[in-house]
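The following pair of complexes shares a single chain, chain A, combined with chain B in the former and chain C in the latter.
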Partner chain A sequence: MTTSPPSLESLQQNDRDRVREHFSEDPDWLIEQRINAFFEYLHTPILARKRTPLNHRQFENLPLFTQQPPELGGSWLSAEMSDGLLVLAGSEVAVLRPPAGRTAERVIFTDLRTAAMTHFEVVKPYLARVARAANSKFDALNRAWWQNGVFLFIPRGVQIAEPFTVVHHQVASPGFFPRSLIVLEDDSEATVIDLYVSPSLKSGPRSLAAISVEAVVGANASLHYGSIEQLALNTDAFATRTADLETHARMDWNVGSFGSGLEVSQQTTYLNGTGSENNSLTVFFGSRSQHHDLEVTSVHQGAHTRSNIIGKGVMKGRSRSIFTGVTDIKQGARGSDARQKEQTLMLSDQARADAIPSLLIEENDVFAAHAASAGPVDANAIYYLTSRGVAPEEAEQLIVEGFLAPVIDAIALTEVRQRVWSAVREKVRE
Partner chain B sequence: MAIEQPLVSDEYAYGFNDGDVSVLKFGQGLTRQTVEDISRIKQEPKWMLDFRLHALDIFWKKDMPGWGADLSALDFAKIIYYVKPSENQGRTWDEVPQTIKDTFERLGIPEAERKFLAGVSAQYESEVVYHSIHQDLIEKGIIFTDTDSALREYPDLVREYFGTIVPAEDNKFAALNSAVWSGGSFVYIPKNVTSPIPLQAYFRINSQNMGQFERTLIIADEGSFGHYVEGCTAPIYSSESLHSAVVEIIVKAGARMRYTTVQNWAPNVFNLVTKRAVAYRDATMEWVDGNIGSKATMKYPSVYLVEEGARGMVLSIAVAGKGQHQDTGAKMIHAAPHTTSTIVSKSISQLGGKTTYRGLVHFAKDAAGAKANVRCDTLIMDDLSTSDTVPSSEVGNASALMEHEATVTKVSEEQLFYLTSRGLSEEEATRLIVMGFIEPFTRELPMEFAVEMNRLIKFEMEGAIG
Partner chain C sequence: MAMPVLAISDLHVTVDGKEILKGVTLTIRGNEIHAIMGPNGAGKTSLAQTLMGHPGYTVTQGSVTLDGVDLLALRTHQRAQAGLFLAMQYPSEISGVTTANFLRTAINARRGDGSAISLKDFRDRLDHAMDLLSMDHKFANRYLNEGFSGGEKKRNEILQMLMLAPRIAVLDEIDSGLDIDAVRIVAQGLTSMVNDSFGALVITHYQRILTYLKPGFVHIMVDGRIVKSGDYHLAETLDAQGYDFLRPQSEHEPEQAAAGRL
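On to the complex of A and B.
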């Protein structure tokens, strides 16, 4: 890698040679893809989020890379993590444990850079294919500058119960571009967990994270996906998550947003195949002056498709959240069933929570519904608990946990469930 | 689902026109001169002319809305901004010119007045041509007149409130109305006075390319109660007409005001209306809003709940047929503690029409203990029709409580099966289900008016179903 830290601004005046030099070890097709993505990034307008004005934020002056050595938190190497573990420190692979089991040899589970070199025949047809539909400026940035990430390929008919866990460790570098590419062939099943963490929550240089996840779920395949974002408060994070579902495919999203000063996410599931199903759960917890602008979309194109979007948030401090659910039923998606539910618990008068649960329906033979609510901690419940000797802070924690329990306890992935709970408890104590 | 016939007939019953009956008609287009001429004809005070000209500048500067219905067919240069239909305003129907009177007879207004209305205002093109109010309401001190007359007869009252609820700066169409407004109603209900029966205004467009810009101002003083009802129709022409009203309502402490609209514009009318009310301590404001016709409607009645205990309600139905887009909704701004609001919206799209519910519930920091409940339901009658539901909520207070629910479905197969298996035809069954769907709306109409409304809808549905 080059030693001079280029900034986005300087690169705008530069040309393809700069990208070529920076990623000199990459195969030509990938360099070409990066260059194209970079031009796409420059020419794609910034996300138009009405309640998150981005025009005045100075992304352009952030240096993209510096040459700090990776600092890896030892906690991620705990013994409880078994096989199927990838720990990335910035672009470097710190730990890679392949999955165990008899089918493991047919499964590809490795870091994305290695995969692009050694399994390019599998990676190339899928990389950036699904994500491009999202037309996101920050996914284009990621496609141009991703340093590393994960590639998981499950061949036809292979079902693996044990989760694949990926820790994307933000090193002391201002630019963080992790990318996940997950491909499930027909009749397969897998569980993937992406964890995004910083060395320290409260310190570190101002930085920019463009997180991308793309998934292709083949016919009758099931992908259980979990993601927990706990990046430093000095990070502006932009997450683009996109999935394509084929006939009778099933996708479960379990996404937790806890970190970052600013997080803007765009999660889109394309229900292309007949009978495909999308279950999307987002848990967010804002504190201090965090700003979370989360958008979750189900695009129903196939007939008899089902989707359920759930957003559940807790707001404290001076935090701000915007949760936008979009149910987009295209003409021809007959017999579709689409639901949304958004609930916010307000712990502070200084916090603000906006919800926009929208239904865009072009087909009459459907059922679509949404419900949203926001409300305070029940004063009677606090009174009840404190009158029985529970400390007020503890009572609040109990109520927050009671609010979140129905969705968090429903997360089938044990590790994600535990991590979400510990993230929630950290937030409550903050 | 096999409904062959639309809920509301494609035939528009009020599409006839009277030819040109005007005594004064402006040319097409809008200039500073247009505004000055309107003000001069009306012999307005200087402050109103200044208000109009200031608004005109704002209108020219403001962009068209970047969302909502497609307004590309709307050409401001083709609109006629002022048409005076008669020399004088009638106090009895005999004083109204025969052609215009015949029109209102066909629309059933004089009959309705005789039967159950406390006062009637009939606006034809730009001016109110007929006006009456029961003597006992006058004796109670209730003022019900057209806004032009109010400006002459109650200049201080008008000047105190005019443009305070919907400023010209609010949006492009509010600015346009502020510049060229003509007609509309002025209602004042004194302290602790109850108006037991509704006051009605009826708005009729007759000319091609007509722009109708009525301006309504209603003040319900402390502890009073009033109910105002408006209806609208227009002839069908091949080119577009524009109806762009502004309605401002002040509901003072402890008062209750209900505003009921049944809008049934012809399918060539752009209906772009700004309706807003402010409710003070323990006051109640209710919008009952029915949108059946027009080419495109953009209308979001709102209530600013500015003092403790104020209540707001919007109850609306929207029916979009062929080529129509009903982009409607409601806004509730909770700016004070313990304010409450309810929004119930029922939408039906059929024959390729599109309905959009667009709403906002906002809880300001001060809205401690405020509560809002929103319910939106949509029926899509056939596979040509579409619907969007875009509600937003903004919660800035930890003790506010917001609940929102929405559904989009077709007519239930099970309900149809149940009804047809008991001997109803599919058309009858469908009509029954649809009537049940909109019943929360019709239930809220005053009984006598509901009869009139049913007659109207039945007339629309004739030959369409059953």
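On to the complex of A and C.
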């Protein structure tokens, strides 16, 4: 451990030594990877998001780590202790419960640092492999400085119905770099839920979160993935989520963005294998002056690949959202089917939402469609509900919940569904 | 419980500055069914929406009380809680909110804190009401009016009325778009409620539903005024002769017509 908190600025001197010093317990190959990633971070231009100017935010001056001990909010620890649960407080493992069942010994479910040391033969070939394609400055930052995260490996032919739940607790440290690596071999199936939470939603010093998720889904394998972001408003969050799909693989994304003052996300699914399928649902809820700039991309490389991108948002206060759906159909992805749909409900005339569908199509024999709409709550609907005796405020809540219900209720993962609902209700009442 | 009384007196209403209701006086009590008939644009729907407090309608003169309470001083949800119900001509579609969940919310809103209806009582009442209206029980779990046919929406309005048990119900063209069997079922639903603690005002274009309801009072509205009132036979006369038989009378005796005492 260092004696003084390093900042990005200070790390430009003697970078190698600093990284080595800070991660002295890591294996050499990982330290080398971190150093390379850090150089990559320094030399990769910041994300160009037209509607989200990032240049003035001065991330360089943020200290990355402080020496304060981790501090856990009680709520997540007192949550039901299911099997297949990992709770991380910064880099510390607070709870690790292995999955139940007969197949458990062949499955690897542990924190990423432990995995890098004890299962390096499985971790090393995959770590950073998929994410590098995304070419994200903030993923490079995460690759250099990730403190901990989760590693899940499901061997060939193993199907596990019970979800693996991972709680990533932001602790009292300005830098928060959780990383998830999920590897599903052929013919396997698993469900993973990443939850990102802060001890308090409203207070504390400014912090920077670079969240990375990478998934490899083998042939005929299915990954049902859920992510709920509820970080404090003083956090600038950058999320990079990347998945590689092999032949007839299936990926379901259920992503909820509720927290952070600023969130910039980049989710990319590579449909490499023939007949692979990507179902992406993003629910976002902005309030106060939150700014969510979310980009979801399907890259169709294999033939007969299918993707469906849905974005559904509610905007309150002076919040701002940009939802960009990118359908990128490469030559050779014949017979592919790509759809996008975005709907935003505006609860305030000071909020703003942009939906930007983008279709890049190099193949002729494909189907591609997109639809987007945004509008205020229907005054007639409020009147109709109040005419039955429901107060106007409650009528608006019903309409907001009803707007999101078709997508949230379709989330197969019970735990994600319930957590998304409670996150929505918190925001509605805010 | 005392018999409900909805008293409308000399009601004048404007929409976008234009006078739509020009002095309507009408009293509806428990155990009474009143029907209002009249040509398009006469102000029938405006009367219904004004009673419920639609924000598009401005009362410029007159009063409306329910059991002595000034309805015009109340907001829409408070009017409903006071016991008024409006079955709307064009019910809104509410995506994502099931009929069952909404009805429980609405019933509990009227009951107030601490006296919420039990799930079992609610289900029993809902099943009973749906059977009465020959509705498939699956409707309760569908999103409120979303994708419903015209007839299904109307039946759903009656279902809500049965469940909310108002003191006075106003039904705006509940029969339009319904086939003959559905009209009979809706009429049965309404008739089943009429007693000393319930009265209804039925707005319709057609005599058909009235043959089932046999209202004790029929009023004819033309150009924002009730121009003629009578018993059920007035509806039969209207059906046989059309609105033409009213024209000379309403033109020659506007003052008398406006008072609604014909």
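Annotations for the structure displayed:
The rule we apply is simple: the second predicted complex is superposed on the first by the 427 of 430 C-alpha atoms of A that agree within 3 Å, B and C clash if a C-alpha of one lies under 4 Å from a C-alpha of the other, contacts with A are read in each partner's own complex, and residues count from 1 in each chain.
Note that a residue touches a chain if its C-beta (ideal position, glycine included) is under 8 Å from a C-beta of that chain, and two chains touch if they have at least 3 such contacts.
Quantities reported herein were computed from a predicted structural model and do not represent experimental measurements.
Superposition model on chain A: chain B and chain C are shown accommodated side by side without a clash.
By the touch criterion stated above, A:N364 is placed in contact with chain B alone, chain C being left untouched. Once chain A of one complex is fitted onto chain A of the other, the partner contacts of A:L404 are limited to chain C, with no touch recorded for chain B.
Legend: residue contacts after superposition of the two complexes on their common chain; A:S348 is shown touching chain B, with no touch to chain C. After superposing the two complexes on chain A, the angle subtended at the C-alpha centre of chain A by the centres of chain B and chain C comes to 70 degrees, rounded to the nearest 10. Contacts of A:N380 after superposition on the shared chain: chain C is touched, whereas chain B is not. In the superposed model, A:R18 lies in contact with neither chain B nor chain C. Applying the stated contact rule after C-alpha superposition, one finds that A:R417 touches neither chain B nor chain C.
Of the two partners chain B and chain C, more residues of chain A are touched by B. Legend: residue contacts after superposition of the two complexes on their common chain; A:H119 is shown touching neither chain B nor chain C. For the pair chain B and chain C, the model built by superposing on chain A gives 15 Å as the shortest CA-CA distance. The touching residues of chain C, counted against chain A in their complex, run 52-55, 75-77, 79-81, 85-86, 88, 91-97, 102, 105-106, 109-110, 143, 160, 164. If you check the complex, the residues on chain A that touch chain B are 331, 344, 346-377. Within the complex, the chain B residues that touch chain A are 1, 365, 368, 378, 380-383, 385-410.
Per the touch definition, chain A reaches chain C in the complex via residues 378-381, 383-392, 394-395, 398-399, 401-406.
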